[in-house]
Every structure is written in structure tokens, then in C-alpha cells.
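Presented sequentially are two complexes of subunit A, the first with subunit B as partner and the second with subunit C.
Let's turn to the complex of A and B:
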């Protein structure tokens, strides 16, 4: 039972961060029909910004203060998004999709280099936040308390996003724009503004994912592209553009990876892709996709 | 063959622990000989070197120190006027993270467009077997710093002419870790493994296992985890390893991945529940290992070099190197820094010897003749280049982690370093090529199984 609980928590931990990344990716695609390949490194910017603020800038400050500045990574990522959409993406909306893929992929590479130039080649760590809350005892083994914080933040983010999209006026406009951009525009919606807001929100989520996980994992070069690939597995399984799909996809990836590592460690890498392949064979548009 | 005791067999391997630290040597004198007279006329055009290493991605934690070691040596040589006092070294750098195919193209481009005289660097074992044959085809003098897979000289280029390699062969990592484990914790029986899922991790696992099977009979593997290279979430691997209740965890996870793994392990009391042996934990830039790292574990250094060993005052070349490196980069060197630095010093020595014999600027054939069988004293100790397979050999080392109030990061304890003569843990010249490596079959066939302590 204890073992089961720990495996469950491990799955939820993985799923929480993945949901934040993949949810942002899916939101941006849902509203803007852009596959944002730079998303992985926007997540990395979130992780690096928090690690830098917590580990370097204010290293040694009281832990309470450090927790208070944890979201700085999410804000940095959101600010980056708010700048990138109007300057780099907006001029390309009238062109074919290939151009958007090219520019977001180029952006992924440029961000990778910028991260290295700004923060250097060695890993950054914010582990004081991971250590401060200690560990809890579950049965005869112990479990890091901070992991629960990540799971709770992931859960709250999912709930807040749901409320935002389905219970607010902005959410209505967002969904309307997502369903029919021209009609929304004809009805007086300022599409440019909705786009920049959606893009910023998507980047905020990725940045939040980076910010809350960095105390546990540290920030390393190359973390962005890795996360991007996993986020694609999630959205492909869940259906591109669907938040419910991203949530379900993240949970499935979290559970399948955990089961894979426990039962089939030799083929850990293959297990996730096998799952994605099976889902795609049965439902080519993903579980919640609109074919 | 009768009873074989572990103690006798380890003695026969020539394993030593620590070393008496000499009294402080006072001022350190450079052991370099007085400048030899250069014979003949030397052109003053630059000597172009391509250095390929990881500048981006997770492996940049090894690539950056490699490049810094190379630049330090190049600056030192250039300050003396260049090679043979005339030819200044000009370095072209390339990012190994571009991928194997792109790296091969870049090597061709460097040779054909830039006209490089020497190619060096390379970290990944996935790249040397692809680059090696191309260097031979291009007739491009190449000294790989790392990319240490046994496969390169076992299979990819079994009879090298233009390519050489400096750091110890990969199999030495698994064997060294097993020898240190058998000496330190011969009571371990249940073993868990966590290795990155690519050639290095598989090689470390195979060679640790075959060696430990010989040295500590009756062990069994109770868990194997194979995370993807670049993974920073080890939550599941750690829980599964703990769940298997092993006596020992063995890991070849490295770089930023390892930093994440040990920090997560601490929160699960991982290191209190079992012994821990690593092949390469302390291989990263030294300051990346925090003071919170568990003490007294075997913290491998790719069986090559740690900056405080040979200890201060005992081997002047190391004292000088560490000081120069620190003054230049404000950090301590790792094994890649030492490898890249020694590479250029070996080149310099070979060019000078060839000049002494024939005069003028030596052609590549003359430099190769000097490199084959060369011996050089480097910061880590004596390095020998085997003439048949062009592989660099130096005694394998590993050590135990320890906090020292003089350093803001955790170090390896210089008084407990384990040193193994390299000839006793690698397949000798003439041994038939084997699967998965020649060293593996050599250990399998020639090491006795110990039967008592």
C-alpha cells in the first residue's frame, strides 16, 4: 500500500509539471493554431530565472523570502511571451504554417544559446527550497515534502485554468476566437489582443512549470528540448489544442512512465512512445482531439 | 589453481590507496627542460587546430572545461613564440552538440576549407567511432581528448594511423569502480544499478558486473534503472532502487543529471540506506558538487584525474597546472581540462623531438612516429601512448568524497585515492578483439574468481 502510494505520488509529480508545459503548448495551439517549438526553452527560461534568483541573487536569504520569489520564473517567461508574439509571430500569421514552424524552431535554438550566454554552461540549482521542508514519512520510507508542493501547484493551476477558460468573460472570448477567429473579429473581438494574451498565458504556464520543478531538479542546458518532446507526447495523446486532453495526457504519461521504470526498466525510453503509438492507432486525432 | 583470496588478488593488481604526502616543497620549480635549440628554418604561419566539444546541451559541463584546458595550453605555447618558437596555435572551435552527422561534416569542412593541421577535442563515445574513420580517410592528424569507447580501437579503427586518444579507455571506469568497491565494501551482495541509457552506461554496467563477479562472488543485481541521458527527474528510479533493498547502488549518471540525482537521493535518505559507487560523479567541473553531497562514497572521475591528486607538493606538474588553470579561469580543472591540456603538451613534445632528429618543420608522418609509443609526464602522472592502437594509458584512479573547510565545494579525499596500474585492468597488446569489448573477454578469461577474503 505504501509502495503504491509512493508510485502514485511519483506519477502525479511528473504529470503536474508536464501538464503545465503541455497545457501551455496546447492553449497556444488551440487559440492561435501555432505549434510553438520554442515552448521547451520558454520552460527552461522559467527554470533558469528562478534558479538564478533563488540560488545566486538572493542565495542565503530567509527561506520564506525565497519561496516568495519562486514565481519569478513564470513572470519572466510570461514577459518573454508578451514580447515575442507581437514582434516575431504576428508578421507571419498570413503566411503558410511552415514559416511559423521555422521561426519557432529558430527561436528554440536562439534561446538555448542565450541561456548559455546569460547563465553559463554549468547547472544552476535552487535546492535550498527543496531541502527546507524536509521529508515526510510514508509507511517505512520517507518522501520529500517539496514534491507534494509541486503536485498541489500543478493541481491548482489546472483548476485555475479551467475556471479561467470556462467561467470568465475572457475565457468566452478566448474560446470564441479559438472556434472561429474571423467571426470573433467581426463581432468586435480585438484578435490581436487575444492572441498576445493567450500566448503570454501559455508561456506563463511553461515558466511556472520550470519555476516549481527547478528546486527539485536544477536547471541544465538541454532541458528545454527534452521537455518539448515529452510535451508533444502529451498533446499528441490528449489531442492538440485541448486542455482536458493535456491534463489526461500528462496523467497517462506520468503513470505509464512510473510503471515502465518499475516493471520494464530496460525499455524505459520506448514505453512512452509505444503508448503514444497505440493511442494514435485507435484515435488518430488524440483522445480529445477534433479530427 | 586452488584457493584465491581477494587480498592476494588485489595485491597482484597493484592497487594502492592514498600516498604519503611529501612535506611542502617550498617554491615549485617548473620541471621543463631548458629550451632546446630549434634546428633548421621554421615557417611562421599559424598552426591551425580544430577543437570540437560540447558548448551547448547537458554535456557542456564537460565541454567547457575541455575547451578551457586546451586554451590554457595554447596560450602557454604561444607565449613562448608558438610551436618550435615560431608557429602560433590558432584554434577553431566547433559545437559537438550539432549531432554525429553534422560533426563529421564539420570535421571535413575544417580540414578542407580552414586547412586545419590537427583535430582534437570530442567528448561523446557516440562521435569518435564516426569521426575516427573519416580522419583516417582525410589523412588528418587527430588526437581525441575523450570519446573513450573501447569500440573505437576494438572495431571502428582497429589499425589507426592518423588518430590518437588521450583519456583512459571506457572499460576502465567499470573495472576501477568494481575494484574500489571490492576493497572497501566486500560484504555487499545485493546490487542496484542506475545508468544512462546509451553506450557509456551500458559499458559501465557490463565491466562493473564482470569485475565484481570475479572479486566478490555471490552478488546479484536486484534493480536496474536506465534513465535517458539528460533526465533530471530520478524520483522513480530512486524509489524503485530503495524498494529493492540493495546493499550497494552503482551509477554512471553524470553532469547535471548526477547533480539532480544526488540532491533528490538525499531527500529519500538514499545514501543512508545503502553504499554508493559512482564511475564519474566527480568528473564534472569540481565546484558543481555541493557540500551537501554524501561523504565517504566512491565518487568516480572517469578513472582519469582529480585536481588535488597527485597531492600538493608531491608532483610539481600538477601543482603548476592547477595554479595556472585557477589563475586563468577562476575555477579548478576536471579530467577533461587535464586531457585537453596534456594533448597539446604531447603534440609540442612530439614536434620538438621530430625537429631535433630531422630539422625544419616535421611533416605529419614524423609527428606520428614520435606520438606512437610516446611517454609524457602530465599533471595526472605519466601518460603512455600505445603504439599499436594509439590509445593513451595512465594509471586509473578513483576516490572517496569528503568535505574540506578550505573549499566551498566537496572534494575527493587526497589521502584515500585508489590507484590501479592501468596495464592490470585493460586487455594487453595482442589480445584478440572481443565482445562486448576486448577488456571484457580478457577479464572474463584471465581473472581468477576469488574464493575467500
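Let's turn to the complex of A and C:
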């Protein structure tokens, strides 16, 4: 029973971070019809920015203050998104989608090295935040309390996003633009502004994912493209452009990965990719996707 | 009837082919070896472009076929202890074709973005297997591949490996490359190639004319996989080692990069792109740790400013000069 609970918590932990990354990817696709291959790097920027900020303040600052600067990564990622969309992506909306994919691939290469330029080739860590809350005892094993923080933040982010998209005026405009960009534009929606807002929001989520996981895992080069591929599995399973799908997909990937690591570690990754391929075969648009 | 290239194409290509033949007598062995890398990538790009340029399908999973070509060779060395290049090529092509036949069967049902993601996800399955099954594939250490014998003649005892690669191996690759280009020319100018272009331009109309869209796409996918696998098999003796890096999806991105750099709307674009990319990457890696930054900036610039690639842009400039004259 205790082992089951621990596995469940690990799955939820993983799913929370994946949801933040994949939800942003899906949101951007839903509104702008662009697959952002550099999305994983945005997540990495979030992780690095937070680790850097925590490292700068570490000298004697109270732990509460350190938690207060956790969102720095999310803000940095959002700011990056707000700059990238108008400069690099906007000129390409009228071009074939091959070019959109390619420019985001170019951006992936650029960001990968910019991270190295800014923060150096060595891993950064913010483990003091991970250690500060201590651990809980579950049955006979101990479990880090910080993991629960990540799960709670992931859950809150999902709820906040849902409320934002379905209960606010901005959410209505966002969904209208996503369904029919021309019609929304004809009704007076400033589509360019919605695009930059959606992209920024998507990047904010990815950055938040990076920021909350960095105390637990640290920030290393190459974490971006790895996360991107898993986020792909999530959005493919859940359906591109669907937030509910991203949530369900993240939970499925979280559980399958946790089961895979304990039962068949050699083919854990292969099983995830195969899961995506099988879902695409049965439901090409994903479980929640629109064809 | 086999389509023969028109005279103006032969006027360009024959002197270039002759130049390639005399090159080892003119430039340093290192340069020739570098060009050999470029030619193997060019074969991969040629195969890739049958899908992107002629059938309109953007694959983000061609690393799987390139990598299977390379690992097919490594398995022949490991399990059969053979080091004949002909056996290598056979093994590489068989391995790549088997995977392309399986993946293609699944992927050709989709187009556009879904095709791209599906090819990417499936290629990552191969990568993760190569990565994790280290007792078969050597894991991240990879598998070593010795210098092969060509047409039954091995490397002379005491011969420098670089001299071998820059001379005999170069000619071996060059001949296969030229044959590959000629065969691809025949394919894209045959009725089959025209049908692929019809599918690319308008799937619905192509179907109404009687083209079996899915079957033709599948055949194009297979040919593309065979070319890319052949490229992997020719690449691995040069490198002497195969690692999971060439199976990772970012390598697929590089194959896309070659093709767009040269220009995917032209026949020769991908060849030029692959060779130029190889120089660009070697130069960037040799001069800065930030080589990805250099490549990324080049790619972004290409997409924004020169979407026709090198060959497409050169063609347009030539046309304009001709009109002005």
C-alpha cells in the first residue's frame, strides 16, 4: 500500500511538470497552429533562471524569500516568449508549416547555446529549496515534502488555466481566435495581440514547470530537447490544442513512466513513444483532439 | 522510356563529376575525407527530398533509417565478423528498409504536421532502444566498425587509414553517389515521380485522376528509407564508430536542415545543401564551442530571408541577370 502511494505520488509529480510543459505547447498550437520545437528550451530557460536567482541570493537569505523568487524562471520564460513571437514567428504565419517548424528548430539550436553562453556549461542546482521543507514519513519510507509542493503547484496551475480559458473574457477571445482566426479578426479582435499573449502564456507555463522542478532535479544542458519529446508524447496522446487532453496525457505518461521504470526499465522510453504512435493510429487527432 | 537529362543539365553536371574524380590529386587528404562525409550526407538528403520536395511530406524521423544503416553495418561486424564493404551496404540497406517498411506503413496514412510528429515519435523508439540495450548496441559508447575491404581488396598492410579513406574509399563513395543521383533523377522524372508531384500539389485531384495516393506515398517512403540507409552504411566506415547520436531526432533535424539549406524545390539543392552543411558544421565545431548557435542563426536567416535555399536563390538571381542582359 505504501509503495503504491509512493509510486502514485511520483507519477503525479512527473505529470505536474509535464502538464505545465505540454499544456503550454498545446495552448500555442491550439491558438496559432504552430508546433514550437524550441518549447523545451523555454522550459530549460525557466529552470536555469530560477537556479541562477536562487544561487545569487543564497548567502544567508531566509528560505521564505527563496521560495518567493521561485517564479523568476516563469517570468523570464514569459518575457522571452513575448520577444520571440513578434520578431521570429509573426513573419511566418502566411508561409507553409514546414518553415514554421524549421524556424523553431533553428531557435532550439540558438537557445541551447545561449543557455550555455549565459549560465555556463556546468549544471546549476537549487537543492537548498528541495531540502528545506524536509520529508514526511509514509508508512516505512520517507518522502520529500518538496515533491508534494510541486504536485500542488501543478494542480493549481491546471485549475488556474482552466478558469482563465473558460471563465474570463480573455479566455473567450482566445478560444474564438483558436476556432476561427478570420472570423475573430472580423469581429474586432486584435489577432496579433492575442497571438503574442497566447505565446507568452504558453512560455510562462513551460518556465513555471522548469522553475518548480529545478530544486529537485537541477538544470543541465540538453534538458530542453529531452523534455520536448516527452511533451510531444503528451500532446499527441491527449490531442494537439486541447488542454484537457494535455492534462490526461500528462497523467497517462506519468503513470506509464513510473510503472515502466519499476517493471521494465530498458524499454520504458520505447513504450512511451509506442503509446503515442498507437494513439495516433487509432485516433489521429488524439483522445481530445479536433480532427 | 528512361528520361534522359536535358543538355543544359548535363552541361553543368558532367564537368562537376569530372572535377570530383580528379580532386584527390589536387587537394589534401583531409579535405577529400571531409567531402566524402558530405557525399554520404548528400545521398541521405537526396532520399529525404523525395518525400519533402516531391511528395510534400516533412519527415522528422529520418535519423532512424540513417542510424539503422549504420547499426546494420555494425551488427554485421559484431555478429558475422565480416568486413567487406559490399556486405556492409547490403546489411545496412536491409536493416533500414525493414524499419522504413514498418514505419512507412503506419506513417503514410497521415500528412502535414501529424506525419512529422509520428515519424519523430517512431524514430525515437529506435533511439531509446539503441540507448538502453547496451549489451546489443554498446549504449552511448556505440559500436566500432573497422575499415572495410572494397570489392574484396582490403587496406594494404601498414597503409595510413586517412590515405585509404581519402583515396580508394572516396572513389567508392563517389561512384555510388553518382549512380544514386542518376537513379533518383530517373525516379523523379518517371511517371511515378510525376504522380508523387501530383499528390504533393493536390491530393484530391491526384486521387480523382486515378493515382493510388497511399500506395505511392508508401513507395516513396521506402525509396527514401533505402537511400538514407545506404547513406548511413557508407558513413559508418568513415566515422569508424556508430553511436545513438545519429538516431536522435536532432539528427533528423539536421537532414531537414541540409535539404532546406540547398533548396528543397530543386533536384540538386539537397546535394549542395548537404555538402555545404558538412563544411559549415565542421568549421563551426572547429572554431567555437557555440557551433549550435552558428547553425541556428544560419537556419533562421535562411527561413526568413532565403526560403529557396542556395540553389533556389542562385537560380532566381541567374534568371534576373539573364532578363537584364
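Note that in this section the second predicted complex is superposed on the first by the 286 of 291 C-alpha atoms of A that agree within 3 Å, B and C clash if a C-alpha of one lies under 4 Å from a C-alpha of the other, contacts with A are read in each partner's own complex, and residues count from 1 in each chain.
Just so we're on the same page, a contact is a pair of C-beta atoms (placed from the backbone, for glycine too) under 8 Å apart; a residue touches a chain by one contact, two chains touch by 3 or more.
Note that the structure is a prediction, hence the values are computed from the model and not measured.
> Clash or fit: subunit B against subunit C, after overlaying the two structures on subunit A?
Subunit B/subunit C on subunit A - steric clash.
> A:5 contacts which: subunit B (first), subunit C (second), both, neither?
In the superposition, A:5 contacts neither subunit B nor subunit C.
> Figure out whether A:172 sits in contact with subunit B (first) or subunit C (second), or with both, or with neither.
It touches nothing on subunit B or subunit C.
> Examine A:63 and indicate which partner it touches, taking first as subunit B and second as subunit C; both and neither are also allowed.
Neither partner.
> After the superposition on A, what does A:261 contact: first (subunit B), second (subunit C), both or neither?
A:261 sits against subunit B, while subunit C stays out of touch.
> Considering only touches as defined above, state whether A:142 meets subunit B (first), subunit C (second), both or neither.
A:142: touches subunit B, not subunit C.
> For A:187, is the partner it touches subunit B (first), subunit C (second), both, or none of the two (neither)?
Neither: A:187 stays clear of subunit B and subunit C.
> Have a look at where A:116 lands relative to subunit B and subunit C in the superposition and call it first, second, both or neither.
both
> Quick check on the superposed pair: does A:107 touch subunit B, subunit C, both, or neither? Answer first, second, both or neither.
Only subunit C; A:107 stays clear of subunit B.
> Given the touch rule stated above, what does A:233 touch, subunit B (first), subunit C (second), both, or neither?
Once the two structures are laid over each other on A, A:233 reaches subunit C alone.
> After fitting the two complexes on their shared chain A, where does subunit B collide with subunit C, if the options are 1-9, 19-27, 127-135 or 415-423?
127-135
> What part of subunit A is shared between its subunit B contacts and its subunit C contacts?
Looking at subunit A, the two contact sets intersect at 112-113, 116, 121, 265-266, 268-269.
> Which residues of subunit A touch subunit B in their complex?
Touching subunit B: residues 3, 6-7, 10, 13-14, 112-113, 116, 121-123, 125, 127, 130-131, 134-135, 141-144, 146-147, 213, 216-218, 220-223, 226, 257-258, 261-262, 265-266, 268-269 of subunit A.
> Quick one: which bits of subunit A touch subunit C in the complex? Just the residue numbers, please.
Per the stated touch rule, the residues are 35, 37, 88, 91-92, 95, 97-99, 101-103, 105-114, 116-117, 121, 225, 229, 232-233, 236, 240, 265-270, 273-274, 276-277, 280-281, 284.
> Going by the contact rule at the top, pick out the subunit B residues touching subunit A in the complex.
Touching subunit A from subunit B are residues 55-61, 63-64, 97, 197, 223-228, 230-233, 235-237, 239-240, 242-243, 255-257, 259-260, 263-264, 266-269, 284-285, 287-288, 290, 292.
> Which stretch or stretches of subunit C touch subunit A in the complex?
52, 58, 60, 106, 109-110, 112-114, 116-118, 120-122, 124-125, 128-129, 131-133, 249-250, 253, 256-257, 260, 289-293, 295-300, 303-304, 307
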